[in-house]
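In the part that follows, the structures are each spelled out as structure tokens.
Each of the next two complexes has chain A plus one other chain: chain B in the first, chain C in the second.
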Partner chain A sequence: MAARIHPLLGAFAILVFLFLLAPLVIIVGASLSDTTYLTFPPQGLTLHWFANIFEISAFRNTAITSFQVAILGTALSLLIGIPAAYALNRYRVGLPKWLGTLFVLPILVPEIVFGFSLLKSITIGLGLPIYPSLIIGHALLVLPYSVRVVGASLASFDFSVEEAAISLGCPPWKTFMTVVLPNIRAGVIAAFILAFITSINDVSISVFLTGPGISTLPIQILAHMEQFFDPTIASVSVLLMLVTVGVMAIVEATLGLTFLTK
Partner chain B sequence: MNKLAKWGLTMPATILVVALLVIPVLATIATTFGEPKGVFSTYQAFFNSGFRTNILYRTLRIALITTAISLVIGFLTAYVIAQMPGRLKSIAIIAAVFPLLTGVVVRSFAWLIILGKNGILNSSLMSLGIISEPLSMLYTEGSVIVAMVYLFVPLMILTLTGVLEGIPRDVVEASASLGAKPIATFFQVILPLAMPGLIVGAVLVFTGSFTSYATPQLLGGEQMMMMGTLLYQRAMVTFDWVGASTIAAIMVVITIAVVSIMSRMARRLNPMAV
Partner chain C sequence: MTVSLTIENLSAHYGQTQVLKDLSISVAAGELVSLLGSSGCGKTTTLRIVAGFLQPTSGHVRLGDRDLTRLPAHARDIGLVFQNYALFPHLSVQDNVAFGLKQRGIAAADRAKRATAMLERVGLSNLADRLPSALSGGQKQRVALARALVIEPPLLMFDEPLSNLDAKLRVDMRVEIRQLQKANGTTSLYVTHDQEEAFSISDRVAIMNAGRIMQLDTPEVLYQKPANAFVARFVGFENLIPMKVVARDGAVVTAEAAGGARLHLSQDLFGPIKDDFVLATRPDGLVVRKDGEGVPATLGTRTYLGRAYQYKCGTAAGEITANGALSEPFEPGDKAVLVPMPEQCCILDPET
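The block that comes next holds the complex of A and B.
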């Protein structure tokens, strides 16, 4: 597509980008303010609020939980999602159509309904402790990324390569690991990143599954905000933005950021 | 062998989704029909309560307004991005991806700093002498809508940039060389071709805002509850699980209805489909 852009339209787009980025700049500014309340522009500069995060054990603990849950939940979703994506693409005929839809249900069902139902079924119904409940809940939440994104990679994989390896005597499992997996590497990385970021930022599921003693960082931020409205929240937010920067750097290095518009 | 493999490989994911998503959600919905007062008594109670129906209508209204605003902003911005030269385009995409990947709590929190009583907007308006008393902007429908638009515009921009880039250059050039003015090309060529993408974007934003929890929790508070915050309150504060399940069931039905109607519309409106 190519067309000329009216200057007014160009100006509008610039305003949109200001609208998108200004609030994030404001958070960074507020996190540096030498005041006990949130303000922008910062009055006096201090890193005190960043130090404060590490002094509050609830932030330390929930940050660790969030990372563990995101990594383990994502790993579990890939572990069950990649075989499913492989089967859906490899044996297209013979598998019922609804199977593909089944695996994207976690994004179709309202997250808050899913979270509430998980609480009733696994935390209370099965009496599962909080930590495994969180991991399973997050694994299911991000399963659609594992199945769909890896599936998109597999859709463009030429399975005759795999058949060649097998007919030359390579065992199926080894064929998958040495022939198929390297070819869908980009899809697996992308699925991992999308799943990780979704899990680490999740509120609607975690809010039902966290409990006394074990919580995730976003839930802890919400709880802290109900009592204090100081720049600590802004500095935690800045750290979360740094995680985003890190993730984007990984995307750029492995897949290129244009990947995200596809 | 193949038969075993294809079912075996899909089995773990199938079992997990069925056991931990399908059955629990259906069970949640099923409990709403098991009341001694009658099969539909909890729904009658919901729709007879002005408080709760108000929240349903408010949620629908906020989701619709958010979708409409995000569509316009997202489409125009994506249109500009699609024309940008390579390098500038990457920067624009990074600027849209960054907020998208930043969590909903962080992005909603930013609007607390901006719209609060002692927030940036109030203090700037006061120092400019436009107002003398700080305005109460938080905990209104407006504050929720602003934060939701902020939440969903990046998603719309990225979805629609992909769609617009997929429109073949030749089609646009053909329209121009046949004498169509840019405005006519926009409305008669680009817009219809982008329609399926616009509908996909609208569905994403509508369902996302209709079912949101964190944003109305932070920016709407008790005064401006939405379905998501009402569900949470009923489940975890008043422990009215049947009431919470009723809200859940209504949310599921509306979400499914919107998704299926809109995706049917997207298929019908696709001019590329023969």
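The block that comes next holds the complex of A and C.
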């Protein structure tokens, strides 16, 4: 028997969905508009603005940079995050409680403050070039996802399984790779996806770390809007959206979306 | 290849707390010794030190003539069976059992043959392709047992292996474990908090308390001749009555309990009796009678046990639990005498 839903609750839910989806509909509409300025509803229909993206080399270059930074930054965050999450769970008893919170700080600190402090410390302080600064900055930005999501996986991992492997003659490092890692695979993939999406959509960190010649796609969208305010921005946004939806679709098809939220 | 396990003067600390105090045990080749005690007594700590998961503050662990104390856990060659099975969730039953062989560099074909043979011995060859999540508790523990046995370790250790199983299965499994252990002649250390389990499965049992071994003996000796008050209480000697010798006449001593009750005890039966001692009995060893030589008591609650009545009795030496015949029931408030049955009593040193 299906549960009865109060008509008002149903109506409210529909409103919430409309509210969530409306901006997306507006963006898609605006991207198709046959005008030289952003407008909704679209006046006339054209794919010209999508074609226009590929004619502007800045969009192409920043898109490549964005993907590289997202992949390398996420990978770096996992490289730090997985061992950190492992240590936090394995030695939970002996470690101070605040240590876990430390790894979530990038989410708690206002992003604009975090971005500025990265500029001061990495780009100015260490004098690193823009590209490595971006990768390190993004790695730190998404580190909380790596630590928390992998940590959630490890929290339900029975560490006596690890001891069983060691007692059977498997050295600790090999045990981690062949026994622990395969059992937290879902968490590592989920962390990668969340971190990747966060990185590729990020503005507030990148705005401080990008510079002459090297920029990310969201920053380029901002720059383009300031100069032109034409529907190209809407069409780029639609593409960026499709990338996110695409990644989610892959997750849904292979692992099921539920594991991202569990 | 059977070797002995020697644990020498082991001490261990968790931070400032000393959890093992100068503990020594030796397990003869092919013998199964249980560590028995309530939680926090140090039995699991001992096992984990032998396994190499914890470092002792001082002391040594030897297996045959190998000193294991500083050896990393993965180089110790010990078969371990855990309370929660600890099977590899991502590997099939067959691969779980073959895991240890793989670490030893044994070729795939030989590995498969030996794992299959071992699964057959524990009666699970039809489940070889399953994942652990598709097995029942008893089947999981059989796989864990097979996984530990297939590497033919010189030492097997069990950490409360049956605690997660239901009562009936627990009895079946302990018989099975004992048969496999005996057939292989593997020296074994078995940790449990369940007295019946320890007594039924072991050659000898070490009763532990607060990081020390209180007594290490065969189950028969522990059950009948506990060496001290702690062990006596542990094996069911509920009544500990402090007494003082007031007269000696040849082999017979006359002793007095609090309140003045006097008993005659023969040193031919108990061995030399010191001036201050404790008389320990189970409820069965003290019979409630109208009269006789014993401790005067006022009877309290009566419980029907089937073979006898059990009474809570108030005496000058404190509350005592004693049994009385079904043919002679007493009512709460009756005055009676608790008569000790000498063969069922123990003489212990006073608790310090």
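Keep this in mind: the second predicted complex is superposed on the first by the 251 of 262 C-alpha atoms of A that agree within 3 Å, B and C clash if a C-alpha of one lies under 4 Å from a C-alpha of the other, contacts with A are read in each partner's own complex, and residues count from 1 in each chain.
Rule of thumb we're sticking to: contacts are C-beta pairs under 8 Å (C-beta built on N, C-alpha and C of every residue); 3 or more make two chains touch, one makes a residue touch a chain.
Predicted model only: the values in this text are computed from it and were never measured.
Engineer: When the two structures are overlaid on chain A, which partner does A:F17 contact: first (chain B), second (chain C), both, or neither?
Structural biologist: Only chain B is touched by A:F17; chain C is not.
Engineer: Let me test your reading of the model: by the given contact rule, A:L99 touches which partner, first (chain B), second (chain C), both or neither?
Structural biologist: first
Engineer: Check the residue A:I200 against both partner chains and state whether it touches chain B (first), chain C (second), both, or neither.
Structural biologist: In the superposition, A:I200 contacts chain B only.
Engineer: Return first, second, both or neither, reflecting whether A:L154 touches chain B, chain C, both chains, or no partner chain.
Structural biologist: Touch partners of A:L154: none, neither chain B nor chain C.
Engineer: In the superposed arrangement, does A:V142 touch chain B (first), chain C (second), both or neither?
Structural biologist: neither
Engineer: Compare chain B and chain C by how many residues of chain A each one touches, and report the one with more.
Structural biologist: B
Engineer: Quick one: classify A:A63 as touching chain B (first), chain C (second), both or neither.
Structural biologist: neither
Engineer: I'd like to know which partner A:I189 touches here: chain B for first, chain C for second, both or neither.
Structural biologist: neither
Engineer: State whether A:I233 touches chain B only (first), chain C only (second), both chains, or neither.
Structural biologist: first
Engineer: Considering only the contact definition stated at the top, list the common interface residues of chain A for chain B and chain C.
Structural biologist: Chain A residues touching both partners: 172.
Engineer: Within their complex, state which residues of chain B touch chain A.
Structural biologist: 2-3, 5-7, 9-10, 12-14, 16-18, 20-25, 27-28, 73, 76-77, 79-83, 90, 92-99, 101-107, 109-114, 116, 118, 120, 150, 153-154, 157-158, 161-162, 164-165, 167-169, 172-173, 176, 182, 185-186, 190, 207, 210-214, 217-218, 228, 231-232, 235-236, 241, 244-245, 248, 251-252, 255-256, 259
Engineer: Enumerate the contact residues on chain A facing chain B in the complex.
Structural biologist: 1-6, 9-10, 12-13, 16-17, 19-21, 23-24, 26-27, 30, 37-40, 79-81, 83-84, 86-88, 90-91, 94-95, 99, 102-103, 105-106, 108-114, 116-122, 136-137, 139-140, 143, 147, 172, 197, 200-201, 203-204, 207-208, 218, 221-222, 225, 229, 233-234, 237, 240-241, 244-245, 247-248, 257-258, 260-262
Engineer: Where on chain A does chain C make contact in their complex?
Structural biologist: Counting only chain A, the residues touching chain C are 158, 160-161, 163-172, 175, 179, 182-183.
Engineer: Touching chain A in the complex: which residues of chain C?
Structural biologist: Going by the criterion above, the answer is residues 51-53, 72-80, 82, 84, 86-90, 99-100, 103-104, 144, 147-148, 151.
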